[in-house]
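Please find the structures below.
The same chain A turns up in both complexes below, where it pairs with chain B and then with chain C.
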Partner chain A sequence: MHMHKYEKIWLTFGIACLFVFLTVIGVSAFAEGKQPPSCLTTIDPEKVDQTPPFNKPGLVKTGDNEYQLNIVVSAFAFTPNQIEIPKGAKVTINVTSKDVIHGFEVAGTNINMMVEPGYINTITKTFNQTGEYTILCNEYCGAGHHMMTGRIKVVE
Partner chain B sequence: MAKPELQRTKTNTKKMKEHDTSLKGTLASVFLLGFFIIFSWVSVYFLFLHRL
Partner chain C sequence: MMNETVKVDRRDAKLALAHIYVAFIALALGGLAGLLQTLVRSGKFQLPAGISYYTILTTHGVLLGLVLTTFFIIGFQFAAVSRTSGTFSNRVRFWGWVGFWTMTIGTATTAFFILTGQASVLYTFYAPLQAHAGFYLGLTLVVVGSWISGFATFVHYARWKKEHPGKASPLLTFMAVTNMVLWLVCTLGVAATVLIQLLPWSLGIVDRVNVLVSRTLFWYFGHPLVYFWLLPAYMVWYAVIPKVIGGKIFSDSLARLAFILFLFFSIPVGFHHQLLEPGITPFWKYVQVVLTFMVVIPSLMTAFAMFATFEAYGRSKGATGLFGWLRKLPWGDARFFAPFVGMLFFIPAGAGGIINASHQMDQVVHNTIWVTGHFHLTVATTVVLTFFGAAYWLVPHLSGRVMTKAMNRLAIIQTVVWAVGMSFMSGSMHFAGLLGAPRRSAFSTYGNSPQALEWIPYQIAQAVGGTILFIGIILVLVIITNLAFFAPKGETEFPVAEAAEPQERAALAMDNWKLWIGITIALILIAYTVPFIDMIQNAPPGSKGYKLW
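Up next, the complex of A and B:
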């Protein structure tokens, strides 16, 4: 097969780029553990209010400077929606939905999850700077979607 | 009326084909697009790392 010289150049370049991209993502995912929010834990969406830890949603201290934040998402609210976190805390956030698909985004951070009923989403984040963060629902979930907000305050 | 082309020989057509394939512009646009994709990919990746 006859191939133009330039064609060989850009095909090699393109395939090399593809390998570089995949290697960078592969190394950061499997060697450095930068994983997307887990969705492997399941829950009965009709019994969220009776299932621990979601029967008592909120911030729970689990160790030295380590916390667990359990949030129940439903139409159209985050429970709880006002959270205070001490600076430097390593927080494992567990989120589940009681009804339809919602979004859980903490604006300006990498926390951004699609919350599906029946699944528990988990992400861990260390809050190193004081300030206020807004929690938003970014999956259209109904008439009150735009009013679904919450606030995280990182304090000294 | 269509006429059968009796004049054109095999060597003639081959010569014309070589002349028609200048891919300089294509090479330039492919690399321009390529560098734009690389730039966007790298910036998004570093934004993600910065927010960790």
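Up next, the complex of A and C:
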């Protein structure tokens, strides 16, 4: 199959860029640990209220400046939905759904994950700036989908 | 140039036109829904009579994402195959009609359950939201109908091969067959989740459904779906546009190779829609991200071929300088102008796609309105403008009429209107998405959140863009109605370009379906077997159905 010389140059350049891209993504994922939320832990979606840590949702201190934030997501609410976090805290957020699929997004941050019944999902974030962030559901879940909301306040 | 007088047989033309009519009816209704969505999201308008935003959105997604595309594509491909491989046998045409009616009845059934509010589950129908069984049944009929049409195409292709031993299949036929192979392989996934999981569950035969398995089967289908939309646009770019401008196909065999690469790399990649999900390990997500990025290769080949064709043509007309050839292109011809504008929009669209498929950046934009902005560039501009550009010769060719100068001018205006409207709508969707505004959401200030209030100006810009786009839809409907029923009678050419240097042997080698399908299946098995078994072995308790709308 004949290929024009310029096309060979173009494709070589393009494929080289492609491998640079993939290497950047791969290194930051596997070497630097910047993986997307991919928790494998399962849970019975009908027994969320009885299963720790979701039987007592909320913020729990787990170490020096380290916290766990456990949030139950259901149609159409986050529990809890008003959260205060001390500035500089490293927070591991665990979420699960009691009914359908939801999304967990903290607008203006990289906190963004799918919440699916039967699974726990998790992400860790250090809050370095004070301020107020909006929590919202970004996967359609029914008539009240756009009413699901909450606030994270990062305080001194 | 014996090609010029070749006409699609009248009986085949009727079959193709029937599909195209349904596609444009879907565009009219779906476009109205789109307009209403942008108005609602601006916060200045409420739907009357308690109609739900999500009913409208389900209508829009199903009619435009599934119905418009599938019907136009099958109609166009029937015409292209009949044009390049000869008139269908009565049997093939009969099955083509069976396919058409199966899809049409399916569409009507699904539309009924959506519009009566029994299926506000959006066009992705993620379980455990549970629609009325009729919704799933209707979709099944649409898919089954498309399979029947796919097999009719294969039978016709096989007959051509038998009658022309040792010859490479005509390029457009080859491409249509590739696209239908892609469609058949990928729809197996959605058929599996609908028939094995969702339909029995919605009928109450089983209580519970495995949510992650269902989503995974859906996305095994959902990504190749977008290539099923795109490849017919590429058929027009590769095999028709060169003829429209008066040039030649840059390379016939490289065009075939690009199509086969799309077949390989569009299916084993569904996880890039599931990057932020629990239950799938990061390793397998990354494997599929790597496979996803491989489509960059045929995309670059396509970009090269297009611009090489344009430049070679311009230079053959005496253009000089680095960009002098641009001036030689037929800017006043809507058959060229509309697809060309579509190509231009594909440049930012492709860049956006690379962002979406990258783990870490997807974290920022996943499920924000950025994504909606992205696919209104890809499918709702690049693909749709190319389809419009194709309809400007295909519809009059099939209806035995000609496009008047006035209609051509209107079509140029239509293209500009679409480009302007989409720049507003999609542009502001991209910006609002970067700020965090979610997709698939009716207007909300999220309890007067200062962040959400910042999104409102962008939502108003979306409504402005949506209104302009709706004017674009009215214009194209005027043009298509004219070309189908009112334009002067006459002969319109179905343009099919010839290769600059025919490479019969290389092209013939590409008719090797056993090999291509074998590689396709192997890649799918590599990408999916282990994570899929994991999903089933480590499954949580299943979910019962919810009707939360």
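Just so it is clear, the second predicted complex is superposed on the first by the 155 of 156 C-alpha atoms of A that agree within 3 Å, B and C clash if a C-alpha of one lies under 4 Å from a C-alpha of the other, contacts with A are read in each partner's own complex, and residues count from 1 in each chain.
Basically, contacts are C-beta pairs under 8 Å (C-beta built on N, C-alpha and C of every residue); 3 or more make two chains touch, one makes a residue touch a chain.
From a predicted model like this one, the values you see are computed outputs, not experimental measurements.
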* **More chain A residues in contact - chain B or chain C** => C
* **Touched partner set for A:F21, first chain B, second chain C, both or neither** => both
* Thinking of the overlay built on chain A, is A:M147 touched by chain B (first), by chain C (second), by both, or by neither? -> second
* Asked: When the two structures are overlaid on chain A, which partner does A:N110 contact: first (chain B), second (chain C), both, or neither?
  -> both
* Asked: Between chain B and chain C, which residues of chain A are contacted by each of them?
  -> 4, 6-7, 10, 14, 21, 34, 108, 110
* To do: Name, in rising order, each residue of chain A that touches chain C in their complex.
  => 1-4, 6-7, 10-11, 14-15, 18, 21-22, 25-26, 28-30, 34-46, 75-76, 99-101, 103, 105, 107-108, 110, 112-114, 116-121, 132-134, 136-147, 149, 151
* Can you list the chain C residues touching chain A in their complex? -> 52, 54, 120, 122, 126, 128-129, 211-212, 215, 251, 253-254, 257, 274-282, 285-286, 289-290, 293-294, 296-297, 300-301, 304, 308, 354, 358-360, 362-364, 366-368, 435-444, 446-447, 449-452, 501, 503, 506, 538-543, 546, 548-549
* Structure fact -> Interface with chain B, chain A side, in the complex: residues 4, 6-7, 9-10, 13-14, 17, 21, 24, 34, 108-110
* What residues of chain B sit close enough to touch chain A in their complex? -> 21, 23-24, 26-27, 30-31, 34, 37-38, 41, 45, 48, 51-52
